[in-house]
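Two complexes follow with chain A in common, the first pairing it with chain B and the second with chain C.
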Partner chain A sequence: MGRIRLESLRKSYGQVEVLKDINLEIEEGELVVFVGPSGCGKSTLLRQISGLDRPTSGNIFINENDATNVSAADRGLAMVFQSYALYPHMTVRQNLAFGLQNAKMPKAEMDERISAAVEMLEIGPLLKRRPGQLSGGQRQRVAIGRAIVRDPTAFLLDEPLSNLDAELRVSMRAELSALHARLGATMIYVTHDQVEAMTLADRIVVLRAGKIEQVAPPITLFEKPVNKFVAGFIGAPNMNFLTLDDVQPVLGNVGVPAGATMTGIRPQHLSPAETGLDMTVTLVEALGTETVIHGVLGSGATILVTVPGHVKTSKGEHMTLNVDPAHLHFFDADELRVEAA
Partner chain B sequence: MKAITFLTRRRGGDTWHWTDVVTFAWLGFGLIIMFGPAIWLVMSSFKSPAQLAEFPPTILPYVSETVEVPVKGTMKELPLYTVTTEGEAPRELAEVRRVGIIANMVDPADPETVIKVNINDRTPVRRVGLALENYAKPLRDFNFGLYLWNSVFVTGVATIITLITNSMAAFALSKYDFRGRNAVLLLIVATLMIPISVNIVPLYSVVSSLGLLNSLWGVILPTVATPTGVFLLRQYMLTIPDELLEAARMDKASEWQIYWRIILPLTAPALAVLAIFSVVWRWNDFLWPLIVLSRKELFTLQVGLNTFAGELNVQWHFILAMTVATMIPVVLVFVFLQRYITAGIAGTGLK
Partner chain C sequence: MISNEKTTIGAVLSAPVRWLAEAIDIPMRWWQGIAGRPGMISFFLIPNLLIFGMFVLVPLFINIVYSVTGGTELFLSDRSYVGGAHFNRLLECENHFNPNSCREDLFWIALWNTIKFVFTQVSVMIVFAVITALILNGKIRARAFWRAVFFFPVLLSPVVVGLIWQWMLQRQGVFNFILFQFDAQAINWLTERTWAFGAAVGVSIWAHVGFYVLILLAGLQAIPRDLYEAAEMDGTPPARAFWRITLPLLWPNLLVVIVLALIRAVQVFDEVYVLTGGGPGTSNLYLTQYIYEVGFASILRNPGLASAASLIMASILVVLTLAQLGLTRWKDKK
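Right, the complex of A and B next:
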């Protein structure tokens, strides 16, 4: 069991409203990622769910029971902190056992749970060491282990990979994904890294300034962003936003939906062609597998293009770009998505 | 050898740079100012009462040379003197008795012949030696063991209570957010500005009405809440990340368990510093125990020492010797734990 429901949740610190009317349902066994720029309230939202912080108004339901005023200890959730927050004066084993001792669990069951978690995370040789003697990746595993032994209703992970180096982050990401598949537990994962969000999530919650912008599976988010913010936030490099006049040459006979004032084109969807947009190249970034070309249009608008493989071009040269009209996104004056007719 | 190379190291290498001269002079001056009185105390504690009254005083303790001489058929210990009379070589004579300014002296080799000598013509024969009876007599007659136990009890119990109460206060002041937290802290720290002499009369009436006069608890309880300790521990606890406490809360730990199993072990270095301070403070306390304790069997060492100072005469030799004895535990604390003290003071940014 691990259903979590948030109902018109609000949180203010004095005059500052950090969370504004959050409504969200998280299904059992789902891995939901909260993503957004810094200061968007994603960590605050996680803290409300964990019980470490109380919302100003609104309700939190865990398995359909109102948990709004239940203490953090009694919500049955486990949290993995960004800093890992391992107890520095205890050995790895004591770290794992601490929560179980507090729950007054019989020793036999405790040993069983610890050895199961230790085996799953392959941290057996570390049991007698203290956190100070572990590497970042090992600490991360222990922190996850401390959550697993508690057998929680849901896991809350607060930017768990942000303190690891890039290489380790990729492998831990894969492990977390495998772990989720194996445990089948509900997980809520907070990150500002959209790659983590895209690769791990069953559903992504995009937050901005304390409001949910869109909740959707990763691919839906990529293909049908509900507004300009989500469109710009998801996908790397960022989507190009151009006025209708700028893209006139490629619109062809595509019907511009009523109310649309702006189009969005992902850099990957632009390709060199005979006719189309005329761009002056300002910078070429060859990444090997793909080439990112920065340029300006005649109107002065900047544009990014990624082309697979290697492209021979250099600063000052002209390129003509075309786009499949199916990949055009339209936004109205309020920056909301407008579906093509 | 290493120590000597270290101590004689100079900035100028083989020659003397002017900063070397200033440094050595300044450090030497400091050494004398700080260490001189301690050396003098220890040396003086081995001097006899007569020598303590001498002027000019000497640094080293001396004892008079004596000799066994048969006087009227019985052997007697007599003090030896060097006698220098005009026209004769200096000789060593033993003094039998003194009458006014004339001393009756005998030659130890010829004890039958009494020689009369003017006291200005003789000087005592002395060698460097220790008057150990300064220590032996009070240790035997003075209730040293009892006073030592009282001191140990007061110091030990007061230190334990100090550590527990101060760390609880520091925990609340550093890790809980409540209205008026800073005001409370300010109030606690502000009490540092109130000297004990201002407090003593009200404190006495409180302790008296609680019936704690003439009880060691009356000495212990008023001293356990120290603003210095609360402040020192709070500053240290601020460096413990809040996420650890939150992790413990998620781990179903009660607030007491958080304090006892997370905060206290992590505050150990600061607790060690406070323990050292507290031991030194309580061991050296004099005024407050003197006020509270009036029954002799309850005296702490410091108050006990005071009994050597009578209304009419002060037994300096005993006071000095027992002062040295009572200093030993505190000196040992400093010798063995001084690196914690310096680390602690540096780490907490105190004083």
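Right, the complex of A and C next:
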């Protein structure tokens, strides 16, 4: 069992309210990713769940038991830290065993659990080494192993891949995903990297300034963001936000929903065409598999276009762009999504 | 010569500055002519080497010569060679654990007193320094103030420390005044052997502990907070966290503190000398005071014997310093 429920959770440091009325249910076996810009409160939220920090008000339920005032050790959760937090003076084996020794677990059971985790993470040859003798990826595995051996109710992962290089991050991401599938455990994963969030999550929780903006599966967030912030945060490159006047040439017969003041178009959904938006190219980024073209419209609004493959264009040239109306997003004056008529 | 374009601070100031610079240039040019441009490094090192030689190497040489020569004469050429006689006199004992059976009983009294002082002072101070550093590293009110309070005595001159505590511990001092308020009997803090030894140890700890607390505090602050949070998630009781996480990670700093404290304690002299004068009797007579009194203060002063004793003490300090270096390297390799 690994069901977690947060009810009206608030956290303040002095006058500063860092978490504002957080309500969230995480189902058993789910991998939920907290994502948001720096300072949005995602790590703070994780710390409240872990028990390392206590909320100012509100409740945390773990498997329907109120764990708000339960100590971190007694919540049955395991945490993987951004810095790995491995004990530097202990060998890998001692690191794995430390928590189990605290629980005064019989040696036979302890050995069994360690062996299982070691086999799962393929860290057998590292057992006698100290963390200082390991690479970043190996340390990460050991940190995950330390969490696994405790057989926790849920795993809490605080930006676990952010200290790895780009290549290793991709492979570790895949391994984490496979591990989640294999363990079937509840996992809460904090990251500021939306690619990590999109690829790993069953559901993503988008946070801004201590508030939950949207909770949804990755593809829903991408296709139906509830507001301009989520629309802008999810997807790379960022969504283009244009006034209705700017996009008039591509609106055609599309019915603009009542109250809409702004449109959003993802750079991937724009394509060169005979008629449409007239853009002057200001910068071309050829990435090989795709080309990102920066430009300005006649109104002065900046716009980004992503075109598959290599496109021959250069600064100062004109391009005409079109968009499938189905990919148009509309937002009202309060920056909330408005569905097309 | 400094170029005229750069001397823009006016004629009054520029002229003396320029003259000074030109005066310094003369030996520099002369040296460069001899040693060449790469050899100029030695020009800048020589003044320091001369000072080091004058205040360290020359006294050390004189000390060695004194230790193998006899008499009360100060000029080396006037002294007569006695070989290892002073060392023999110092080390000659029927039973080294009984100073009274030794030819130079005061030396052995001072040596055993020093060993007792070092063991007591260092062990109590280390425990006290670790506890204090742990408290000062925690979340306490006015933390910066308390850190300053503990460090303040380190800034005081040992003589001032000795005098302050002498005033407080004398028969009419504040300690006995407090006892008097509780109708307790006054204690002869500085004239009863046990109390005087305790006072010497206590005052010495008070004077030096702040420095060691500072080193330990730096070590504690270098331990990542994440480790304690990981331990908390692992359900580690605070005592186990201290023994299994804090202490091993603080060990490099603790090692430095132990060795520095040992070296410092072996050299104990000034504050205890001011506080008790080495008494009562010889209960607070330590090696440095013995050397000082034999060499300079007694009527039958014997610089040769004092020099031999100081070399024995120096060899103890060398062993301790080498132990520190060895242990640090061993720890680094691990």
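Criterion: the second predicted complex is superposed on the first by the 341 of 341 C-alpha atoms of A that agree within 3 Å, B and C clash if a C-alpha of one lies under 4 Å from a C-alpha of the other, contacts with A are read in each partner's own complex, and residues count from 1 in each chain.
Note that a residue touches a chain if its C-beta (ideal position, glycine included) is under 8 Å from a C-beta of that chain, and two chains touch if they have at least 3 such contacts.
Owing to the predicted nature of the structure, the values given are computational and were not obtained by experimental measurement.
With the C-alpha superposition on chain A as described, chain C and chain B clash in the combined arrangement.
Looking at the shared chain after the overlay, A:His89 reaches both chain B and chain C. In the superposed model, A:Gly99 makes contact with both chain B and chain C. Shared-chain residue A:Leu77: touches chain B and chain C both. In the superposition on chain A, chain A positions 50, 52, 71-74, 77-79, 81-83, 85-89, 98-99, 102-103, 146, 150 are in contact with chain B in one complex as well as with chain C in the other. Across the interface of their complex, chain A is touched by residues 241, 243-244, 246-254, 257, 261-262, 265-266 of chain B. Put simply, chain A touches chain C in their complex at residues 50-52, 71-74, 77-79, 81-83, 85-89, 98-99, 102-103, 146, 150. Interface residues of chain C, counted against chain A in their complex, comprise 224, 226-227, 229-237, 240, 244-245, 248-249. Of all residues in chain A, only 50, 52, 71-74, 77-79, 81-83, 85-89, 98-99, 102-103, 146, 150 touch chain B in the complex they form.
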